[in-house]
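Letters are used for the chains, namely A, B, C and D, taken in the order the chains are written, and counting of residues starts over at 1 for each.
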Amino acid sequence: MELINPADHLDKVAELFDQGMAFDKVIGLKVEQYDPTGAKLTFVAKPELIGNPIHKILHGGVIATALDVAGAAVTFAAALARMPAMPEQQLNEKLARMSTIDLRVDYLRPGWGKQFTVTSHIIRTGTKVAVARMELHNEQDTHIAFGTGTYMVG
Amino acid sequence: MELINPADHLDKVAELFDQGMAFDKVIGLKVEQYDPTGAKLTFVAKPELIGNPIHKILHGGVIATALDVAGAAVTFAAALARMPAMPEQQLNEKLARMSTIDLRVDYLRPGWGKQFTVTSHIIRTGTKVAVARMELHNEQDTHIAFGTGTYMVG
Amino acid sequence: MELINPADHLDKVAELFDQGMAFDKVIGLKVEQYDPTGAKLTFVAKPELIGNPIHKILHGGVIATALDVAGAAVTFAAALARMPAMPEQQLNEKLARMSTIDLRVDYLRPGWGKQFTVTSHIIRTGTKVAVARMELHNEQDTHIAFGTGTYMVG
Amino acid sequence: MELINPADHLDKVAELFDQGMAFDKVIGLKVEQYDPTGAKLTFVAKPELIGNPIHKILHGGVIATALDVAGAAVTFAAALARMPAMPEQQLNEKLARMSTIDLRVDYLRPGWGKQFTVTSHIIRTGTKVAVARMELHNEQDTHIAFGTGTYMVG
């Protein structure tokens, strides 16, 4: 039976977040950079992501989604990187059991912009639970939102 | 100049959340019930709202969006209900300045289901800031998520 | 070797929170009621618990402490109640590894009063992580604060 | 009537947090550095601040208190710095109305140490609401906890 090496675990997670999650595609999230210490994703403004119709700014739910995905991506990747080589099905099962426990979003400024970048890094690692901090900026590097997520990773 | 009475302010907010926000339509959120003490919204499961492709459950971002909208709806409505009659443009401007300050989501159980109901009620009222608690259940009344949101309302 | 039965696990946790934690004694927290689904603790107003010297209200840190302890008490108790009989040392070790992962406090009204009651109940159970919601009221049943805590329990 | 200039507003806030709050003295919090963009406070380990009696680590409530005070200090200071000169009584009244709306604490590592430093900086400014991020380190620069606080400042 073919095993997937830890070195390739990351590709599986990136694939999941990039292609596997239907709602990520609705937002248009793209994984730009990805390793066990940080993740960087981008998405482009489009009419269906608008919340406030007068100000034409991002919906708070779009911001929460982008932050949650960036936090999940980095904590899931870090957890998989510590696991041994395993068959693909087992890897998928482990990944399917990982989930967000809680998420906090601090909305700092209105979500104006054309292209958005969300970054994440781990602030607490563990075999069962990991915590990440996330940030959302627009193309002018305006800091739009902060996030903190606690994730089940084992 | 025609003024909108406080009694009709609620209809304006309901209209905004029901029709005005593009991303609410992506989720398919419908305002079912609405008064200054609580709001009830529903949405129906559909393929593009899926997060985990193995378990076919709601994306955490969809849950965060639904909770945020329910909290905003009730806190914005309560704030407008306390304001005097005013012209529509002024009402729209006031509404456009209301926003989420921060949001916390506690994911309790996987988001399985066919139809989802999100309810909200106010736990702190004020002329500037209001706080709401929100809950998401599926059609079998399984409690899927809790939320707490702090909103700028004046 | 003598084992402590699950039926007696609760007493160990109550003892820890009632007597074992030095800072709980600073606040004056007393465990009034305790079972694996909920906890109730009380404490009495005293000068050293004051924050705002003009309004003579509870310090926000006192409120956060009381909420955190109530949440830890119920989630730790529920986790121990599910474990088999074990020697006291092992029980203590398990208890010592339990901890707060994150805590959110919503301050609803000024902390006026003579006697305060903090209650907690579990909203998410698990073998590794549990989440509790907590409330603080004064002797007139004024609702002063809400809390949500995520705890490592295994 | 003598007015207190904005340049001296900071001293009033520092005095309040350093001397005026009874519970701050229980913890032993000392204001080390203070300006409208950041605050730095320290406190020393002592037996009554212990939570877990086996591990001899800081009680989670002590950590929450220190983080909350550091966040309040910087956001209150920034708000006062923007206000005009005013009589002392008016300044005290304004300060007395400032308060924590909500607080989130992420406990990253056990609270071991002899001396603790808590720092804060503002991530959202406003005339009504401000948001700060806080960090707690021990004397070996081990990062023990993160905090985020939303404060009513006007």
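In this section, a residue touches a chain if its C-beta (ideal position, glycine included) is under 8 Å from a C-beta of that chain, and two chains touch if they have at least 3 such contacts.
If you're wondering where the values come from, they're calculated on a predicted model, not measured in any experiment.
Trainee: Only C-alpha atoms count here: how many degrees separate subunit A from subunit C in terms of the superposing rotation, rounded to the nearest 5?
Mentor: Superposing the C-alpha atoms of subunit A on subunit C needs a rotation of 180 degrees.
Trainee: With chain centres defined as C-alpha means, what is the inter-centre distance between subunit B and subunit C in Å?
Mentor: 32
Trainee: What whole-Å value do you get for the distance between subunit C and subunit D if each is reduced to the mean of its CA atoms?
Mentor: 24
Trainee: At least two other chains touched by the same residue of subunit B: list those residues.
Mentor: 101-102, 104, 106, 124, 131, 148, 150
Trainee: Think of each chain as a node with edges to the chains it touches; is that a line, ring, star, complete or other?
Mentor: complete
Trainee: Hey, which residues of subunit B end up touching subunit D in the complex?
Mentor: 101-102, 104, 124, 128-129, 131, 148, 150, 152, 154
Trainee: Which residues, counting only subunit B, touch subunit C once they are in their complex?
Mentor: Of all residues in subunit B, those touching subunit C are 104, 106, 108-109, 123-124, 131, 133, 143, 146, 148, 150.
Trainee: Taking the touch rule as given, give the residues of subunit C at its contact with subunit D in the complex, in rising order.
Mentor: That would be residues 16, 20-27, 47-55, 59-62, 64-66, 68-69, 72, 92-93, 95-96, 99-107, 110 of subunit C.
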